[in-house]
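In the part that follows, the structures are each spelled out as structure tokens.
Common to both upcoming complexes is subunit A, partnered first by subunit B, then by subunit C.
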Partner chain A sequence: MSYCLGIDIGSAYSKGVLMDDRELRASYYCLSGGDFRLTADKIKKELLSQADITSKDISRTVATGYGSKMVAFADKEITDISCHSKAISTLFPSVKTIVDFGDLYSKVFLIDGKGNLLNFLLSGKCAGGSARVLKVMAKVLQVNIENLGDLSFKAKKDIEFNTGCAVFAESEVISRVAEGFAKEDLLAAIHKALSAQCYSLAERLGIERDFALTGGGARNKGLIKAMGDLAGMDVHVPDAPHMTAALGAAILADEALKRLEVRGQNFFVDK
Partner chain B sequence: MAEEQKKKKKRRTATKAASSIGPMVKDFIVGTNRIRAEGKQKLAFTFIVCHHEEILRAMDVVPIWTENFAGICGAKRDAERFLERAESLGFSRSLCTYALCGIGFDHWREELGEMPPDAPWGGMARPDFMISTGQILCDPRAKWYQASQQYMPDVPIYNMDMPYPLYDRTADHREVLGYYHKYVVKELRGLIDFLEKQTGKKMDYDKLEERVELSDKTWNLIHETYELRSASPCPMGTGDAMNTMVPMCFMMATQETYDFFTGLNKELKEKIAKKEGVIENEKYRLLWGGGLPSWFALTDFNYFNSKGAVFPAETTYRMVTPLDEMDLPETSDPVEHLAWRWLGYWTFWYDKARKRPGSEPDVERLINYIETYDIDGVVMHEAFSCRTWHVGLIWQLHQLAKIYKPIPVLYLGKDGKQETGHRELPSLILESDIIDISSYSEVDTRNRIDAFIETLESVAKDKASVS
Partner chain C sequence: MNDKKVKGLSKVENYYQHYGLRAGELNKEGEKVIGYICSFVPVEIITAAGCIPFRIKGDVHEPITKGDNLMETIVCPLVRSYFDLCLKGRYDFLSGIVIPHACDSMVRGYSAWNYSLDLPYSYFLNIPSVVKESSFEFFNAELNNYRRGLERFVGKEISDDDIAGAIRLHNNNREKAKALYEFTKPEVPLISGTELRKVLAVGLSLPISESNQLFDEVLTEIKERKASPGKKGPRILIDGACIDNYSIMEIVEGLEADVVTDTVCTGTRDYWPEADTGIDPIDALAIRYLDKINCPKTYRENRPGTFEGDIADRFGDIGARAEEFNVDGAILLVYKFCDPFGFEVPARKAYYESVGIPLLCLESEYSAGTIGQLKTRIQAFLEMIG
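Let's look at the complex of A and B:
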């Protein structure tokens, strides 16, 4: 048994993936909360419990995400961009362009056929370009965030919308609601505006086929469709896009472990 | 501001010359306050890179570089209270934060009739007059002192306009250079008239000529010294250059500056001979390709260093170009020479840019530095409050990608055979401000740097697999 743990401490949600020789054994996610150290411990405990193993069974841990430096038990920190790249290239080897809809930022990165990172861009500091704007809108329109995508498909009117700033976008939605626009139409407009913002980021980097979406925002069908329409091509989306960085971290942990074993240094790995 | 945020780690310098800058700046600020108290010399608020230092020094006028003082407040993490004061006067935080800091400070000093409490290094002295020097795009340079004058109505302003011909790929700028030269000469002579009235002294043109000659000599020395940084390992990085910019931008036309760069030149040559670099294991050579630094976060350069990255070159504050390559018209009039040098500096990259399809002067400069300094990646900083220097950075990277993307790179294919692919130069844009610390997140900035380093690692791995 060579268990590897990937743990992604994001700004809003934290996720963990436990693998045994590339086989998924357990996964878990929860709100990040106000203490990233405690959250990391909680995720580890849950994964150990699911797999019915102890801490000593874990051969290597890679931490990623905004709070990765807070994961005291990690052997290595690797950025979420590299972790996403690794997971996506493993799941979809033909992908060259990735858009990650995160809660804090949206990110676009180019990878080569081997999952190596070539270049990347982040959305601006404003939440207007991140998946956070969807949460804000769900709250304003009093809609379950899980249903945003499906509702947007029922739109009947085309509305022009601006998500340059999440705060202004919130005010704009409230004004439009007061003007009598249907929430379905507003949601479609928000998806379109958000995807346009991220797409322009991708265009700055140069889009190369194939194209994949990842991150928590990629759970939203409306956003996937809007991005696909803009790109004019099918987009690949993992089954659990919010878990991709944690999955990549676990794969990178596994790769490092195997490299260490090949070099005969596995004795130094704390088992 | 929270005390913790105010506490600042000291940046490690690679050169002895850079470590001597802090006391030099402090002496300068303390010196202006002493001059104010003595009242023997005139003090002028003014801006850097306007080719008028020689005139000021020949007239024995002591410049107070107001942007420099704002930078000091930023570096000491003590700008917030001055920014807040400017905001309370009705100035938006999205304006130039150098200007806001200066306006807030001036207002406070004038209101108290003495320096604000615990003013950084004794504070910015009250000027006898102010010399605005707009540089085409930088509107705060024209408006800042007008705003400050509300609180110092007795302090006169001379507003000097220093244009230069804009780049046009289809036209030779020399066709209109003569008109610009006449205009700039007139503006500089206007400054001399203004100073003569303010000081009650006549300009000594022999003294001016001496100052101009000293400056020219220093320009060539700085160029030669900075070129030494192309050595591998790199003996001095951009972190240090953000210190050595002080004599270059604030103390030109002085023997002290010439001596400083003579010392730096010697120090770099010694380091090169001993193969002594900024870091022991130099992995990546980066270009600081644009943007003023976050003065409160210069330790980020040390963070890059800790990841094996050095910055052998930067476009920011490299305010000299080699005079012998500028082909300046001969003149015995030092004022005319200053105007030619001004135009020569701003049009320096025009001819080179015209020769390269897709290039532009700003991009051409980047390309030349990338090639000269053997650069692996480009880092820029977008400071939200400075439009002048930061507008166009993304466009420059876009153009750069067009130039570098077609360069074929060989990859090792699946079957072990080499395949041709294309690679662009990795780039990183940091986002924050020059002195407004509320715009900065260390965790966020360093996460970005980490991702950039991983990109460089990946590129290096591919290059290694080819060789």
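Let's look at the complex of A and C:
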């Protein structure tokens, strides 16, 4: 047994994946909260209890995400960009272009067939263009965030919606509500605006087939459809897109472990 | 505080943490300190006048407050920071100030500097933005105006010999700076990028003779070094305008990479070009400041006539430096609302691509709180090229 742990401390949610020799053993996510150290400990404890093992059984831990340096027990820190790339290329080997809808930023990156990062771009420093916009809108329109996508499919009217900035977008939506527009129509417009913004980011980098979406925002069906429409191609989305970076971290931990093992056991061969 | 026993890098650290300390002391002793911003102020003439040229430095940790009343936020944050610090009395030892016509923020802001600081000496240096034959004629005359203005301020004549002498001292300083850069050339650099840039920044806050002495001390100290602070990681070139806060270097070097060279103003842009000797000293300064300093504020004619030829002409020095320092990648840091650099980003990107140097473009707001956000991008870039 060689258990590997991947922990992704994001700005909104934190996620953990436990693997045993590429076999998924446990996964867990929770709100990141105000103390990333405690959150990391909590995730580790939860994963250990799910798999019924102890801390000693874990051979290697890789931390990623905005708060990765707060994971005191990690052996290595790797950016979420590299972790997403690794996980997506493992799940969908044909993918070359990835859009990650995070809470803090949206990111676009190009990878080669082996999951190596070739180039990347991030949305602006504010939350404009990030999946947080959806969270803000769900709150303004008092809709459950899980239902945003489905509701947007029920739109009847096209509304022009221009603002990219999360804060200004909130006030734009409120003014549209005051003008009497329906929730569904507004949601469709917001999805369209957000996806257009992220798609143009991807275009700046040059989109190559195949195309995948990841990150918490990729749980939203409306966004997946809007991105697919813009790209004119099918998009690959992992079953649990919010867990992708944690999964990639666990895979990278596993790969590093195997390299270490090879070095230890076949010392002369490796030389 | 000017303890004779404190030497080399310890002295640098002290003067860096208390930027302007020495200039303040000298002012109390009766010396005249002339503040300037940007690489385009011929400091040699200030030295020749018997004054101390002092490069005004911004502060990313000081929120811009007072300055905002007189300069709107469309002015670049670096110039606003300089101005804000001056208004708040950070550099209250200045007897005068020189602002060059380098970018719009400086031209349009000059009147605000002039009336709000109300210093005994204040000069706006009219340096042309285009390099053509007529520009040299014009700038030569302007340099003499600048010289006459300083003569009136100090009450004595500034002779050609005075200027030639100052040119020798400043050239000497630039040679020593280049010798410091040599220490970053080994596979594991002997001086860290952060250390080097602090030395270079402090060098611009001292009388030239003291700056030369300090550089000598640092050269000796580094030569005797047993342990190297270098990382043997990816070798990075920092490209951009005036980067006078070193958080960005610290982030890069904290991620196991080495900042080995740069194009920035308090780095090679200021320290690389020397003024010619053996010709008329005013001509030598006109050539150095108009043509030898490579900054996007200067428009140069597209001599080759093609886009590819033009970018090779304008940015060739970047590629040459990258080769000299065996660079693995470059980070371009552009300040928000910095017009000269902002306009040039696409052409710069194309140049980097043409010479095959990986490039990361970052936008900065010149505020300590926003620098950390650049870390994710830098880390991913280093993972990509590493």
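The rule is short, and it goes like this: the second predicted complex is superposed on the first by the 263 of 271 C-alpha atoms of A that agree within 3 Å, B and C clash if a C-alpha of one lies under 4 Å from a C-alpha of the other, contacts with A are read in each partner's own complex, and residues count from 1 in each chain.
As a working rule, a residue touches a chain if its C-beta (ideal position, glycine included) is under 8 Å from a C-beta of that chain, and two chains touch if they have at least 3 such contacts.
All values reported here derive from a predicted model rather than from experimental measurement.
Taken together through their common subunit A, the two structures put subunit B and subunit C in a clash.
Within the superposed three-chain arrangement, the count of touched residues of subunit A is higher for B, of the candidates subunit B and subunit C.
Within the superposed three-chain model, A:Ser94 lies out of touch with both subunit B and subunit C [touch as defined at top]. Of the two partner chains, both subunit B and subunit C are touched by A:Asn119.
Applying the stated contact rule after C-alpha superposition, one finds that A:Ser49 touches neither subunit B nor subunit C. Of the two partner chains placed by the overlay, only subunit B lies in contact with A:Arg204; subunit C stays clear of it. Contacts of subunit A with subunit B, set against its contacts with subunit C after fitting on chain A, overlap at residues 66, 78-82, 117-120, 122, 125. The touching residues of subunit C, counted against subunit A in their complex, run 363, 365, 370, 373, 376-377, 379-381, 383-384. Every residue of subunit B that touches subunit A in the complex is listed here, in rising order: 394, 398, 401, 405, 411, 421, 423-424, 426-427, 429, 431, 439, 443-444, 447-448, 450-452, 454-455, 458-459, 461-462. Residue ranges on subunit A touching subunit C, taken from their complex, read 66, 78-82, 105, 117-120, 122, 125. Considering their complex, residues 66, 69, 77-82, 112, 116-122, 124-125, 204, 206 of subunit A touch subunit B.
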